[in-house]
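Written out below as structure tokens is the structure these notes cover.
Naming follows writing order (A, B, C and D), and every chain is counted from residue 1.
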Amino acid sequence: MVIIMQTGAPAPQVEAVIAAVRAAGFVPHPIYGVNKTVIAVVGDQTRQHLEAFESLPGVDSVTLIDKPYKLAYTRPDQSRDIVRVRDVEFGGDAVPVIAGPCAVESAEQVAETVESVIRAGARVLRGGAYKPRTSPYAFQGMKTEGLKLLAEARERHHIPVCTEVVDPRDVETVAEHCDILQIGTRNMQNFPLLTEVGKSGRAVLLKRGMASTIEDLLMAAEYVLSEGNERLLLCERGVRTFEPSTRYTLDLSAVAVIRRYSHLPILVDPSHATGHWWAVPAMAKAALAAGADGLVIEVHPRPKEAYCDGAQSLKCETFETLMAELKPIAAAVGRRL
Amino acid sequence: MVIIMQTGAPAPQVEAVIAAVRAAGFVPHPIYGVNKTVIAVVGDQTRQHLEAFESLPGVDSVTLIDKPYKLAYTRPDQSRDIVRVRDVEFGGDAVPVIAGPCAVESAEQVAETVESVIRAGARVLRGGAYKPRTSPYAFQGMKTEGLKLLAEARERHHIPVCTEVVDPRDVETVAEHCDILQIGTRNMQNFPLLTEVGKSGRAVLLKRGMASTIEDLLMAAEYVLSEGNERLLLCERGVRTFEPSTRYTLDLSAVAVIRRYSHLPILVDPSHATGHWWAVPAMAKAALAAGADGLVIEVHPRPKEAYCDGAQSLKCETFETLMAELKPIAAAVGRRL
Amino acid sequence: MVIIMQTGAPAPQVEAVIAAVRAAGFVPHPIYGVNKTVIAVVGDQTRQHLEAFESLPGVDSVTLIDKPYKLAYTRPDQSRDIVRVRDVEFGGDAVPVIAGPCAVESAEQVAETVESVIRAGARVLRGGAYKPRTSPYAFQGMKTEGLKLLAEARERHHIPVCTEVVDPRDVETVAEHCDILQIGTRNMQNFPLLTEVGKSGRAVLLKRGMASTIEDLLMAAEYVLSEGNERLLLCERGVRTFEPSTRYTLDLSAVAVIRRYSHLPILVDPSHATGHWWAVPAMAKAALAAGADGLVIEVHPRPKEAYCDGAQSLKCETFETLMAELKPIAAAVGRRL
Amino acid sequence: MVIIMQTGAPAPQVEAVIAAVRAAGFVPHPIYGVNKTVIAVVGDQTRQHLEAFESLPGVDSVTLIDKPYKLAYTRPDQSRDIVRVRDVEFGGDAVPVIAGPCAVESAEQVAETVESVIRAGARVLRGGAYKPRTSPYAFQGMKTEGLKLLAEARERHHIPVCTEVVDPRDVETVAEHCDILQIGTRNMQNFPLLTEVGKSGRAVLLKRGMASTIEDLLMAAEYVLSEGNERLLLCERGVRTFEPSTRYTLDLSAVAVIRRYSHLPILVDPSHATGHWWAVPAMAKAALAAGADGLVIEVHPRPKEAYCDGAQSLKCETFETLMAELKPIAAAVGRRL
């Protein structure tokens, strides 16, 4: 932490700040410049104890310079996690694709989709049984009925299943039926929910909040990791910006940043990010080339009949074509699907 | 809804879209321009049914033109709600100020603060017992102990209490101890939580998500309203932007927009928005002048000892001065504190 | 500046960075923590010399902690500028209102508007003769004809005139016809233009870029100030965010921030910020209450016939009503219009 | 355009709007819904004439639904431009890489860089002679001396040169010394400058404004195209968002959007977007995979000595490695460098 004093702050104010730093248990390093004094503070600070220094007389501003995440932070040996879900590995050479419909709608829809995406090369089935919808009048998911349909597909096709959980009271039930618990963008800072999935023992797919910095995402990861659950996958899915031509703005640089500052696998969801089926293939390719450790792609046999997010779903044929196009790109970056 | 066809889309594609609109139960109004065809669609559409049209061949884009919120939408007679909490009214001539510490920390802190803010003219006591913290290592609140301290202050001083709830499992307990259930910015789209507070019978203070549009906020309000709970207060508390000098960017235009498009009272929280105690008075005054129906202000007897958000808390004396300065502004806009 | 070394960076890397800091003429203050080393750097650094340190081996990141603006920075005695334009003063007790149409369209329009806004209490006439338009097909302004109409109004009514200049080649001509040269949001970082208006001797109204931080704005101010022109007015006019209900998001906190960190007067333009006539009065009042040193408001006798920005222009009557409503607010904050 | 009337707007208000639409020369199509009336307007509208409708009584809001750009808009046959600069083609199968230092600093620096980037496979040399710098105290470029150094390299190595122009008065001189005139992000809406480069006859590289929507970028393109200059290259270089870990947020979806809505080649600059040398390779690969028609990459023989933007410059060796890694990705998407 660096405490910057106001220009011309008198010596007693500087001394009072130095004393306050010491009183809080840290080591102050005052640096006296020509125009102003800066006090560097060494020690394992947490935000809540230290931002209070900003309220002291003569203080201009306080800057935290250290990363506040610890468990998610990159290891000294730079090793990266491999997260295993049944026979699928994330974070290694393979780049598994998670595919399926936005929402589980019927047994037929699930059956049709799972066969198609497996044939195309997807390694994990996704589908929403509990849907967090902006509108209370929108389809909220099939709930336990939907979970059962996913579990059936899982048994029949020996494919892991990823599904969203939105309520801490549902974590146990959802965990029984699936392999990866997804935390959606609207719940990235739903801390009771993070704590529950942290305790669940299931792998977790944590999507970045649409207004969350990468640091916020890694802090949310700490909630899961600090419960002892190390099978954690991060997912970039677009952030809110002023650009209206896509639903969100896919921040692919997050892949490079997370690979530099964390050992956790980072996946990319080009479907929710762009909101347009016609933009998904280009962004899936880009994500793969950028170093993503997995892709999450919405596929629906008949998008125009989808109960939600039809505009961003790929038809089965388009998904098949995309998977074929992704293969040489994976090879070009030394990986495989 | 307006469906815009691609330039030069052939007649059969246009006809197929018209047929699809009809099949979905709506009335299509095709308008044939020189270069392109546009199909206006009349009827009570919901997003999930209709965005699927974007996946039809020949469609360039689809624009929703109607407001998706209904219960929160301004009434034909333009009347605005008055929300009563004990003897305090929001939405009328008075502009009640909700004040208190970010977090409840001790009996002494609560006692000291409540006396001070009441003396200064605040009408509601706020204080967090459950704190949603970005970091799992930060103080998470005193929980039920904190609730009890708030309830004691309520009884002793006959002042309504506002406190945050972050977990649907806690709604009942929190509702027993307080008068206004606060939904924080990170939970604005925590739909199970919105549903529970909608059922609680308590007044609700719904804070805008830091990346939520005003439309998103009004859609979240629908979740509460559609449970039959009409005692709902909205709160602008800053949104995420690229500007780093304040913690968030306070969007005061939201006051004007919400007063135009909704009958719900709209409050403003300048403390969380700016993150700096020195910016709070100017923004509190601005909010009042803009037409806010209430203010939410953090006050702490000793900010530098605060367990959270000390940098944005006003000292008791500063709060007292601010309240004195707010009074003539309230009068100037035809209101009172 | 603070240089943060990577966790576990070996001693020779740390020493190489320290040597590089010294070689660049600065004084390094290494602080050796348990996990990592941080090097504070004292001296009058400029960004381009020092960010290069980020490319050295073992460096994690570099943070500039000092304000890069010098001439615009708040003075030790906290005094604030008073900028005089003819008999109008900005930065003192008065809060002058600059009013007029977006674009000069005809002699009649100017005559009608100037009389109306003076009657209502405006102190400066605004009007665009050169219009920077997003579309090349939109009305680009009356240019020199427009300037003459403004100059005539100025002579007849003894009112200062403010108008935009968009091309460094036009600065001399525009300066002949007006009292305040306006730099619009799209030109805030048009450095040749800033240099020319800096040399012009005319007062300058510098609008914040729609994607500029407050620091960027103050750096742009340095371009004008460093040419010796101290009659400089800053203007907040809204920034780009994800919120679509207003054209931009008015960042009123900028008023508080600039009053803290700079001695320059700060004005607010609620018309361009919101883009809706119905939101202008509320935001004008808010700006005044927040401490703005002036307001810039678009007024048009017949908005629906305006050549540009009709949606955000107040009718003359509405402007008159607003001015009457602003007066008590000004009084309430110890100022006058 | 769609004009949405307020709920319950009385018939005379609706009729007045319809009459106003007709009076402006357009064809109104009123659609009477159960709750509200919507008026679709057909014809070749421009924003300034029509947004004025928002000021009419009873109007809730006005939405423009048509694309306002015409020359930049995708052609009926979906063909895409090929822009030739000497023997280099943008927009075809090849994806030329433009490389070189941020700023021209010396003859040695240029000589060393040009040889290195040509050897690695770059097809165009870039280098800034006029630098638009946020700070007036930063290095502003070598100006004409820098242009001469670039022109010499061009002659010696038969490689086209791309350099920025920031002042309309310099366009002629800069055009004499280079092949591609670059318009930087801060000047994307510097309309006098766009007009001058439109008249120059030189190819133009138009960078997206850091707060510009893609539509704004295409409207800026109209300024160049409408002067008859069709050799126009667009460039995505990152937009301003709340994310602080990169200097800007690279919006790669812009590649997909522009390929859908325009026939102009779209390039990507990962260096300015990310601001970190370590993030450039991943984003360069992603851009190529996304369908970019060219890349702009900063290369400096000794980044730590760079006069500007050293933190984002690749060393010559790193650039060479990157080019080798890009080749198989280009092949995987059916293109070549």
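Definition applied: a residue touches a chain if its C-beta (ideal position, glycine included) is under 8 Å from a C-beta of that chain, and two chains touch if they have at least 3 such contacts.
Every value quoted in this text rests on a predicted model; they were computed, and no experiment measured them.
The greater number of contacting C-beta pairs, out of the two interfaces B-C and A-C, is seen for B-C.
Same-residue interface: subunit A and subunit D share over half of the residue numbers found at their contact. The mean-CA centres of subunit C and subunit D are about 25 angstrom from one another, to the nearest whole unit. Taking each chain's centre as the average of its CA atoms, subunit B and subunit C sit 30 Å apart. With centres taken as mean Cα positions, subunit C sits 37 Å from subunit A. Within subunit A, contacts with two or more other chains are made by residues 211, 239-242, 244. Put simply, subunit D touches subunit A in their complex at residues 211, 213-215, 239, 241-246, 249-257, 259-261, 273-274, 278-279, 282-283, 285-291, 325, 328-329, 331-333. If you check the complex, the residues on subunit C that touch subunit A are 2, 4, 7-8, 29, 31, 33-34, 36, 38, 40, 42-44, 63, 65-66, 73-74, 76, 240-242, 244. By the touch criterion stated above, subunit A contacts subunit B in their complex at residues 20, 46-48, 51-56, 62, 68, 132-140, 166-169, 186-187, 189-192, 209-211, 216, 219-220, 222-223, 226, 239-240, 276-277, 303-311, 313.
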